[in-house]
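As written, the chain order gives the labels A, B, C and D, with residue 1 at the start of each chain.
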Amino acid sequence: MKKFVAILLAVLMLIPTFALGENVVKIGVFEPASGDSGAGGKQEMLGMQYANAICPTVEIGGETYKVELVYADNGSSADKAPSAAQQLVSAGVSVVLGSYGSGVSIAASPIFAQAGIPAIGVTCTNPQVTAGNTHYFRICFLDPFQGTVLANYAFKELGATTAYCLAELGNDYDVGLVHYFKEAFTALGGMVIDETFPNGTSDFTSYLTNASMMEAGVFFCPVSIAYATQIVNQAAAMNVNYAILGSDTLDSNKVVEAATGTNLNICVSTFYQEGGNPEFDSGFKAWMNADAEALTNNGGNDMIAAVSVMGYDAYFTALEALKNAGSTDPKAVNEALWNTTYEGVSGAIAFENVNGDAIRDTAYIKSVDTANNAWNFVAVQGV
Amino acid sequence: MTKNINNMQRKKLDPAVLISALIIAAVYVAVFVLEQIMPPTSMLFTVLKKAAVYALVAVSMNLLNGFTGLFSLGQAGFMLIGAYAYGIFTIPVAQRAAVYQYYNGGLVQFSLPVIPALVLAGLAAAAFAFLIGLPVLRLKSDYLAIATLGFAEIVRSIFQWDKLGMLTNGSNMLRLFPTFNDFNIKNAEGEVVVYLSTLMPFVIAGVCIALIVMLLHSSYGRSFMAIRDDEISAEAMGINLAKHKQLAFCISSFFAGVGGAMLAMYSNSVQAKSFTSAMTYEILLIVVIGGIGSVTGSCISSFLFVACSEWWLRFLDQKQMIGNFEVPLLRNGFRLVVFSVIIMVVVLFFRQGIMGTKELPDLFRKKLPKKTGKEGEAK
Amino acid sequence: MFKTILPYLLSGISVGGQYALIAIGYTMVYGILRLINFAHGDVFMVAGILMVYISASGLPLYVSIPLVLIITAGIGFLIERVAYKPLRSAPRMSVMISAIGVSYTLQNLVLYITGGLNQFYPTIPFISKSITIFGATTKMVTVVTPVLTLILMIGLVLLINYTKIGMAMRAVSKDFETSSLMGIKINNVISATFVIGSFLAGVGSLLYFTNYTTVIQTSGAMPGLKAFVAAVFGGIGSIPGAVVGAFIIGICESVIKGLDIILFKLGLSKQMMGLATFSDAFTFALLIVILIVKPTGLFGEKTTDKV
Amino acid sequence: MIANERVLELENMTMQFGGVVAVDSFSMHVDSGEIVALIGPNGAGKTTAFNVITGVYQPTNGNVKLRGKIIAQGHPTGKMRKLYAGSHIGEYGKLVTNTPDKITEMGVARTFQNIRLFKNMTVLENVLVAHHMRLKSGLLSNVLHLNMQEERRIRRESMDLLDMLGLGGMANELASSLPYGKQRYLEIARALATEPRLLLLDEPAAGMNPQETDELSDFIRDIKDKFKLTIFLIEHHMNLVMDISDRIYVLDFGKLIAEGTPQQIQDNPAVIAAYLGVDDE
């Protein structure tokens, strides 16, 4: 017994020594691993983990640093976000990636600001995340853009004149996107009915009926995956005759699965279309297939979610910034980020110099191939 | 606690009270000193701030559940009202356009200083409590619980209603209002000279809790406890049940409202979505762990609860390696499982909680009044 | 007019039937123990999760469905033995807190097991089919639910009125102490109540999750609360009351969600008021009103059906 | 004290619960300075009468008058209206109702058959609670403890009262830790602290042995004089009742079957029948 304790102690004492022997730079992963957005958060993390797996080190100021990802689960909820953010801050990270979902990012923003740590928003599209601050950057497009793209698509391509919009009550992301969609759609001369459903709703049949009653041509629901699958499932059972339109959150294999074998027309806007970069696709799939847990986190199969691609790009953008900064000091990284550019899988990434938003002018539109359990690429759509 | 009043009466100063006062003072000094010497990013301060807020809310719930015997589960609803009242009236005018981006800058176009806004937050919650109290306080125990729980849900919907967006910002969060960090004293260059961001929540919560303790030690407090012990008998003693229940309900809600406003300050933003019944349950569990009917217990357990859930037990959520050995079971969510088990053990086997009905000074007395095994029964 | 409202009624009846099956559990437990079993909604959710995992293990439906129901009933039994029985003589508040604790524990356990991700409920072929009634298309389960609910309700009422255990239940709900003096084994009666209640919650979960295909740890909370409201609405302790209350609440909820559109279609309003926001809140407003106006609920005075 | 003032009067008071008539058209009165007893077999409706007087129940029919003023009036509704048409007093729809605390404030205090002390509070606090309704200081001055003078006064008065009842040494004990007999005295102390003019005692001697009962007789007379009280009591101990009562009312199955002096009651055949028939004491 004594021997065992002695060995244990020795081992324990060795661990920090190992750690000291190596240069480590910590990157915070601020993502939801539970809650409504848990599934999306996990997929986004997969991209970062894959990136970390293929590129675990970075050259900073002539020295090689090992990159360590530090995770904090923000629970998809704005009230848990500050302490999760604080956890990253006290772990001493140099830069933070995340989050999936805008509300949590907005809530955590002041914590990062106070600690002087820069954050790179991966798929949080609400303008408020970066507006009025100098530490929150973002590599994806924004809601005013996405909303307009979707409104154009719905009006011009789908030929809808009446749109029914459904958002989750109290969700910044949904409500914001619907707001911009409505603005653009009415500007085009269409009519919009927008409603909200309370958190935790599972019966969407009434809302779907509402859309039928109003003879809507499109049912726009930029909601979390959990709700989206239920909407798709119930819409299929009701045999609705309008198209279902979603935003980047609906770009999930779960939505495809739910729609397969039905005759629904589901279109979503997203950041990346599988096949856009075959080399990345095959590498990522191979990595996921080799790791059962990764596969589970991706929802059980190896279909590539756009958010994973964004996570992957965010990781490399962070590495670029670290290289440019030449130091692991968060303040230096923050400075360096303004001029960091990176040729990512999802497109070229550069930040405009007011809010630190990505300069992007295209979104991908894809639709569900209900016969083959897959996505069909439809169009690259600008404003 | 009860003995405490009598002794104060007869001997002027009770050593036990003196020791307690010194301990509390020492805590405040320690918080102040730690804040100056430790890095402000330390997890300790996050925990302390949140715990101070929860302590106030837990004590306010205890006032109702533990001391007046009214089993209310509306705490999150009143916190929400307080948080919104605070947020709506303190966002700087210059920032309103950014916050109310979908509502043209919102309806309110002025902003109040922090302390008056905190009081306003309390008053707003108390006003709602008054209105809802008129009908629901006639209900008994579990019916009251479920009615107040329902009330909290209704409030949550109303505050998110798009048509009230000009005031509440609808589904979007309120933010950019003064937070605890704005208590820090800065010099001309914007560098912090004196850190007060942790001390101030302690001071505010401390003042509020002190007021509650003084209330409990007054004739009104005795009447509340009489109602808890036996409603019929209390009424026969000339205590107007409706009035006193309403009073306890409004006072408790007032402090819950202030607590809600402080929670907003802590979390930098307010969103109706986060004030769920789960939050009420959390606070209720804090009260139970601390001891139903003990202010000290509620305070201590808030700190333990927050520290465990935000800090000490966090490691349970992540894979841990000891050498090459991966500790089994540890992954996301394990912390909450451990937590639930602890809570069930307390509920089932240590029903008195940490303190029972004892208070801090009672710990320094040799002879305690014999307490019965029962905690305050909700009738 | 009928065409406008029919789809909402259909979905309301379906939801109502599922609430009814949960509400029966609440009302039976309350009738006997005077306890709001806050964990009941979570038992319902756990039944859903069990089905996900059991069917994922590859068992055929005719094995997995009974298995889920049996395990769910067993969980109900265990919860009572572990969390409520030791508190039999404690104040009511303690028992209620214990119930909240159980609810918290079940949710967290499921969070841990599922990793906090939505689980997709397996398809039960027969009741998942789409069918068309009066021009409204819906799932078969919408029609099956009310029928099954009524059959189970009648069965239960017969059980309570004509069997020995049913008689014991009625006696215990009337007078706890006297029945125990009369030699009724109180603990057995209470266990039976929990087993029946949980079994019905299990059946409810089969129907509910077939309709709404994802399960997550919080899935039980809202249906649970609403079912409780239904039980209070119908008069707590009364089984037919709980069923009627559940249907009323289900229909109201469904109609509220479409109220703006209905009013608009019928020409009663010109403008959308966002009333769908209040679909949950309405249920609770109804609860508060009924508690104030008629605390005994719709059928509360008829003590004959009490359990 | 005005001699022979009618302190309490019941006129045709009926209390019905569903189909059960607990008290049936009961009329009685208590004059100032009297000790009046209400006796009858178990379930005769005695405590119900007390509950009606103290406002716990609203009477189905009839009046309750306190010093000539109606404090509760029954208004039979629905089918009952026809039933009580002959005996109904007052105008329909003009409801007179007072909550128990109001009635206590009017100077009526009571004790309970099954002791209802504030178990988790000390003996002293139990008495202090009774002072609450007569406090002059408001909520704010109470919370901020600005009313120390008043607080000191009620503490002193309460302690005096406890000393008088022999409970002074236990002032800081929990009420529930007192022996049974002391608990009964504490209930009386608490009732006295509300400064009543009419004291209702519900079986004050229940559970006491003969010696304690004798002491109680003296004590009741004692406090009656000292606090200038009028006393109305329910009791089963016939020795005590016969010893201290000026007049006695007898209820059986909710109906008044006899009234009179102790001597008259003892000789009344109806009373004897009622007691012999169903008495279980």
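Definition applied: a contact is a pair of C-beta atoms (placed from the backbone, for glycine too) under 8 Å apart; a residue touches a chain by one contact, two chains touch by 3 or more.
As the structure is a prediction and not an experimental result, all values here were calculated from the model.
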- Among the remaining chains, which ones contact both chain A and chain C? B
- For chain A paired with chain D, centre-to-centre distance based on mean C-alpha positions, whole Å: 73
- So, in whole Å, the Cα centroid of chain B is separated from that of chain C by 32
- Gap in Å, rounded to a whole number, between the CA centres of chain D and chain B: 43
- Query: Can you give the whole-Å distance between the Cα centres of chain C and chain D?
  - Reply: 48
- Message: Could you pull out the residues of chain D that touch at least 2 other chains?
- Response: none
- Note on the structure: Listed in rising order, chain C residues that touch 2 or more other chains are 111, 115-116, 221, 274, 277, 280-281
- Task: Mind pulling the residue numbers of chain A that touch at least two other chains?
- Result: 33-34, 169, 196, 198
- Which pairs of chains touch each other? A-B, A-C, B-C, B-D
- Across the complex, what residues on chain A touch chain B? 8, 11-12, 15, 33-34, 71, 73, 77-79, 81-83, 86-87, 89-90, 103, 106-107, 109-111, 114-115, 127-128, 131-132, 167-172, 174-176, 179, 196, 198-199
- Query: Which residues, counting only chain A, touch chain C once they are in their complex?
  - Reply: 33-35, 38-39, 42, 169, 193-198, 200-203, 205-207, 209-210, 212-214, 225-226, 229-230, 233-234, 236-239, 254, 257-258, 296-297
- Query: In their complex, what parts of chain C are in touch with chain B?
  - Reply: 34-36, 82-83, 86-87, 90-94, 96-98, 100-105, 108-109, 111-113, 115-116, 221, 225, 228-229, 232, 273-274, 277-278, 280-281, 283-285, 287-288, 291-292, 295
- Which bits of chain B are touching chain A when the two form their complex? 40-43, 46, 50, 95, 98, 101-102, 156-157, 160, 162, 170-173, 175, 179, 181, 263, 266-269, 271-274, 276, 279, 310, 314, 317-318, 322-323, 332-333
- Complex contacts: residues of chain D adjacent to chain B: 54, 56, 99-102, 104-105, 109-110, 112, 116-122, 124-125, 128-135, 139, 142-145, 151-152, 154-155, 171-174, 176-177, 190-191, 194
